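Below you'll find the structures, each written out as structure tokens.
One chain, subunit A, appears in both complexes that follow, with subunit B as partner in the first and subunit C in the second.
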Partner chain A sequence: MEKVIHANTFRMKCVKLANKIKGLRKSMRISGRTRRNWFYAYAFLMPWLIGVFLLLIYPLYTSFSFSRSQVRFPPTGLVQFPVGWENYTNIFALDTVFMTGLVSFTLQLIPQMAIIVSFALIISMLLNGRIKARGLFRAVFFLPVIIATGPVMSELINEGVATVPAVNLSAIANAMDFLPPMVLEPIVGLFTQLIMILWNSGVQILIFLAALQKINPEQYEAAKMDGASGWECFWKITSPALRPMLFLNVIYTVVWLANSDQNPIINMLHIRMIAGVLGPGGMPGGYGHASAMAWVYSIVVLLIIGLCWVVLHERKDKDKPETKRLEQKSYLPKRREIVRKLRKSDMEGIGVDKR
Partner chain B sequence: MTRLKLRKLMFGSRERNGLIINVVVYTLLISIGFVYLYPILHMLATSFMRPEDILDSGVRWIPSTLHFSNYRSAVMVMDYWNSLWKNLQVALFPTILQIITTSMAGYAFARYDFPLKKLWLGVLLFSFVIPPQITMIPTYVLYSDLNLIGGIWAFIVPSLLGQGFQSAIFILIFYNFHRQVPRSLIEAAEIDGAGHVSSFFRISMPLAVPALVVTTLFSFVWYWNDVFWVNLFLGPGNTRHTGLTTILLELQRFQTSFGAAVSTVAGGPPDPNNEALRMAGTMVAILPLIVMYLILQRQFVQSVDKAGITGE
Partner chain C sequence: MKKILLAVVTLALFAALVACGGGSGGNEAAQGQDGDGRVLEALPPLTTAPIHLRFAMWDDIDHNQWLADRFTDHHPNITISVEHFGGTGVYHSNLLAEAAAGNMPDLWGKLEISTPIVNGWFYDFSDFWFNDPDVEHYLEHLRPQGVIDGRAIMVVTEHLPAVVYVDRAVFNRLNVPMPRFDWTYEEMLSLIEHMTRPDMGIFGYNFFVAPVTIAPIAKIGGYAEFGWDGNNLNMRGPWADALNWMANARRLGWEAQYGSAEWEALTGDAFMWPGTSGRVAMQLDAFWTMSNIYLRDHYRIERGLDMIPYTMPTSEGAPNNNKIAWLDFAAISAGTRHPREAYEVLKWMSFLPQAWMYRIQDFPVRIREDGEPYYLMPNHVPTTNCPDVMEAFFGILPIAPGDTFMEEAWRAFLRLSTEPVTWGGRVLPGFDQWVHEIYHNGEFNGVIGIEAAVFDGLADAHDFAADLEASFRPFYDSMMAEFRMWMGPPRN
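Showing the complex of A and B:
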């Protein structure tokens, strides 16, 4: 008995495999139309693809090979001497300026991002209410996007107008005296540039606002009829609508801040690159070392982005099991039943015809 | 009854906001708006001041006389009209080319299914996320090998190849936008004999005008404001100079170019650290964009809505 079953399943397997191969062959046969579509797709994509290879993948590869060698410039051109991971070990062992810069950058980036995104959220909710002159306010909050750039910002920071006039800096510094200076300094720096940080939130405000305006106002009215408070409305209606935008804004803000001109690390990279083997302050320099710095910096930025992704995506996953359970419990059996009924009626119909 | 009315007035009803909410909201908005504009207002006020006004602590907002000579010297130091013209070239040509290539790439992603599509979309997202610093050095070496450094071609080549400033965002915007074009429309055009290229130009692009406006505006502004690549290709420490410059680069050089310019002026040389002068320089640097913003304000502000970033 057992043997028979075994043979049976084996035959079934063979048939299945054969069918699979048939299907594969069928799918391998591609119509001329699809092939033409592929051709045009790649034709439209071609400039970008060339760019990807020439200006993205090739520089990435070269940058990595630079970072593992010492680059020198004899009169004939550029020569690389492979040195293994020395540039990377130098960064951690010798380059104290870069390391402290990187740590304070990381310590500043996350609170800056949080400030920008939450500020954008508050402003967009204020603007979304029934107010007059919404266009004017929107224009004001968006204006810095147009003008906020490196040299302008640094002039304004030099001028001392980058901070909110009413904030007393020394009081804040004194109040948080218990913190170690490595943590304290970035926080004080945050306050000295508060306006400049807020100036980065124009695009985020518009993104939030666009999402808010897509919510149907009847939803709020229905909720209020059912006796929901404003707080409940926010959590049950507004926040689900904003969550995908929150994710978008967080990523956008991190990338924007990481690549912005005011970022001290970027200037440092540029200076070290030109500097030659010994940079300012006796710190190592040159193309090789600067490439290694760029890689370390990029990995830190990617880690921060990955962290944001993990934190903001977990919540989405939490919703999923629930919906799945719902589907399995109520929806699917019903569907199966319907299908069974349909089949039955079909069979009967066929039977009638045959007769 | 009156109490009820008063309550309605203060706390609002379903149709209207109450007085208290209104007061709170407007106070918040106006004060935050002021804080927002504070640096610009300060800059504007200071730029008209004479040196005596800056030292005088009694004068904070309103200068005793409107002192236009700050602007005159700032324009001279920055070689303003020349830089403006050059800056226009640096911003305009890459913008046009970038829009063409990114719209094509976005269209390809939106309309066709082709092998390796997922991979290329992944590469696109990746190119948005990685900091440009990582490719900065090899790109610099590559361009100096090709002898592009210092000229306009250093900006044209990447934008022509869809790797210009923030290109990934523009491709994503176009991708999103072209995806919303109903497929039946394109199929109908195909039946009427439109080829792939002509359906791109005559159906998809005309429907994507809002996206086109957004991307053009942002691309122009970002190219105009860019300092990172401009500094790398045109800035100090380069071996090759063609005289190409931008206004922001000139603003960065303000202190150094001041000495050279002042020595040619008759009369007592003003102090290069003169706040008013620096503010006038900054003001002049952002003025073209502010004018543009005032004219196109509506397009800018409504753009994010229209670009479909938030999804439909």
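Showing the complex of A and C:
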């Protein structure tokens, strides 16, 4: 008897489910036009989708799979021996060279990024001014982006032109010898790469320039009419307008420096991947170990970017009242009022003091 | 002149064939005894079917392809393509890519030993090697260097000795007699100090090959860098002394200070390489520097350099006459389908006297696309012990007529360069990794890298020598474990 009740209940459930599916099909019935739109959309998207799968998702998956294996390349083709998370635990437990390098890289990256972005901001403001041969100067500052690529850069560094021989490194090191070597070395290292750091600012200059050119010059005119100094104009008009670009530039700089051919971590990854088949203390190395290192490195770089976001992103909730306040205080309504008054006075035949 | 030279070389070629034997391989019928009286088994015959072999290299492609074609002249069914796999910086990564695709060349040159070991690239050709009478023509000192765990796995294709270039012009300027050709290590160090004249802007030495590499070989007869005796590194004596000496030499201004303000004041260019400045008495460098730089008119005539090649000195009382050299090994791929034929090609490209005579024939006549000679002199020395080959080789060295001193120097150089040993990374499994991880990136008294720590005056090399010696062991053992994983247990 019980069995019969159960069978009935089950049958009812099946019928209900079938009705539901029927309803869904009805509601999901798609018109021919929509289908055609979908087709066009995906046709246009297809190159991008193929690119993402082939050049991003598949390499990422392969790299992650390598990072959990020992990878070997015998003459007959690639072989993977799964080792679980061993490569990762080895990095944190045994690989002191990589961890020291990572800390040193992070300590060097932050001041490098600050120097590049500040330099780019100053140069872009100069290039935005009314100077002779402005186009030429803009081209000159952008030139390193085109010519100073990996091999050219390596050759220039080998020739010694990336350093300033006049900089007395030992004097700098002596002046800061109260710092621990781990902090001191990256700072002194900055001075050895000074020219390279400046060369890396071409794109950032371009981005700042684009932002500067979007600022309405009337804002500056209005501010000056109200007696604002250049310094005040910079903080009240230029700086807020550049803020989103500043964030963009910081991210761009971090990513650029993190992937640079001259980056010691990238070089270390390469050595471990090709020649460095064994890590410290007899630890298994090769592509597996190098892939795990690359993942750890990527996470550190993402954390640095995250930190930049926390510091520099626009806080919408807090910014709202500030924006309103600025709008109220804006120089534009005042300017409009002055212009109206002037026009009125012109019409009334009263002379205008053009001082 | 070239025709006369060619005629001389061709005559010498036939003389060598008569005197040394060692034809174009295929010793299947050459059953007999080796030098120790051991009975040799006959090698299997070479195939008669048409086959093609690929040989990966990073340098001298045209010259080696020409030599490979001469092999084909003798064995028309075997064709060989010498393939360029990029320069030294990318060579191994390109080989890895080829291996990953299952397309590994049959033979390949190698720069360092660890990558091939870990990936199981070596073919064990011991069965051929230990039964081959041709091996008698191979420089005796090189024979054990391609054998690991009793397994013959690689052969030297190019031997490029390290050289001390002694600038005769500087010695003449200071009115100091040139050193003798069989000088000692101690004499060299003393000359470096003696030849430094700050008032004249002359420095004792500049180096590409460092005294830390030379000293343990010169003093205790190491079989690779850092006093390797076949089982362990020995860094407590000569290595530590040499590193401290180098730091001292830098402090006292015996070494040319490339990149410094003083150097810029002297030469007008802070980054002028001291080796071509005419201001260093001795340049510790590579064999190819002679052909690439010192024989060029710009340096020889315009800058007045007059470099005389000296071998790396040996210390008095040293147990052997070992000298540091670049030994470029080549090996057979474990994936080849024609190991027997690949073995013959390997010998041909390495040490067979007949092949060497072909090389000697090609060196002086090879021309670049721009019409300039490819080699102003050969860029490596013979790996064979055949005296006729050595004589023919001497015949193509660039010696100005009447310069008997230079002639004597080259004769002494060739005579003293028959016991080469090479850089650690080329023969010692795990050495390159140890150098990268510990030697250059370990922390020593708060400084990264032992050499930097000693140069900065923050460490005494003796204090760290024992620890450094011990730290190499795990690297070596792990790499040997990898080697045995692919090749099996040691062979008696």
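We adopt the following convention: the second predicted complex is superposed on the first by the 261 of 355 C-alpha atoms of A that agree within 3 Å, B and C clash if a C-alpha of one lies under 4 Å from a C-alpha of the other, contacts with A are read in each partner's own complex, and residues count from 1 in each chain.
Keep in mind that, in the parts below, a contact is a pair of C-beta atoms (placed from the backbone, for glycine too) under 8 Å apart; a residue touches a chain by one contact, two chains touch by 3 or more.
What you see is a predicted model, and the numbers here were worked out from it, not measured in a lab.
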item	value
Touched partner set for A:Asp261, first subunit B, second subunit C, both or neither	first
Touching partner for A:Glu185 - first (subunit B), second (subunit C), both, neither	second
Partner chain(s) touched by A:Leu56 [first = subunit B, second = subunit C, both, neither]	first
First (subunit B), second (subunit C), both or neither touched by A:Gly227	neither
Contacts of A:Gly285 with subunit B and subunit C, given as first, second, both or neither	second
Subunit B versus subunit C as contact partner of A:Phe73, first or second or both or neither	second
More subunit A residues in contact - subunit B or subunit C	B
First (subunit B), second (subunit C), both or neither touched by A:Val97	second
Partner chain(s) touched by A:Pro217 [first = subunit B, second = subunit C, both, neither]	neither
Touched partner set for A:Gly32, first subunit B, second subunit C, both or neither	neither
Intersection of subunit A interface sets (partners subunit B, subunit C)	78, 159, 165, 273-274
Partner subunit B, residues of subunit A touching it in the complex	36-38, 40-45, 47-52, 54-56, 58-60, 62-63, 66, 78, 123, 126-127, 129-131, 135, 137-147, 149-152, 155-156, 158-159, 161-162, 164-165, 195, 198-199, 203, 206-207, 209-211, 213-214, 221, 224, 244-245, 248, 251, 255, 258-259, 261, 265-266, 269-270, 273-274, 287, 290-291, 294-295, 297-298, 301-302, 305
Interface residues, subunit B side, partner subunit A - complex	14, 16-17, 21-22, 25-26, 28-29, 32-33, 35-40, 42-43, 46, 101-102, 104-105, 107-109, 111-115, 117, 120, 123, 127-142, 158, 160-163, 167, 171, 196-197, 200, 221, 225-228, 231-232, 237, 248-249, 251-252, 275, 278-279, 281-282, 285-286, 289-290, 292-293, 297-298, 300-301, 303-305, 309-311
Residue numbers on subunit C that touch subunit A, as the complex places them	92-93, 96, 99-102, 104, 112, 114-115, 117-121, 259-261, 264, 270-271, 333-336, 430, 432-433, 436-438, 441-443, 446-448, 474-475, 477-479, 482, 486
Residue numbers on subunit A that touch subunit C, as the complex places them	72-78, 97, 100-101, 159-160, 165-166, 181, 185, 271, 273-286
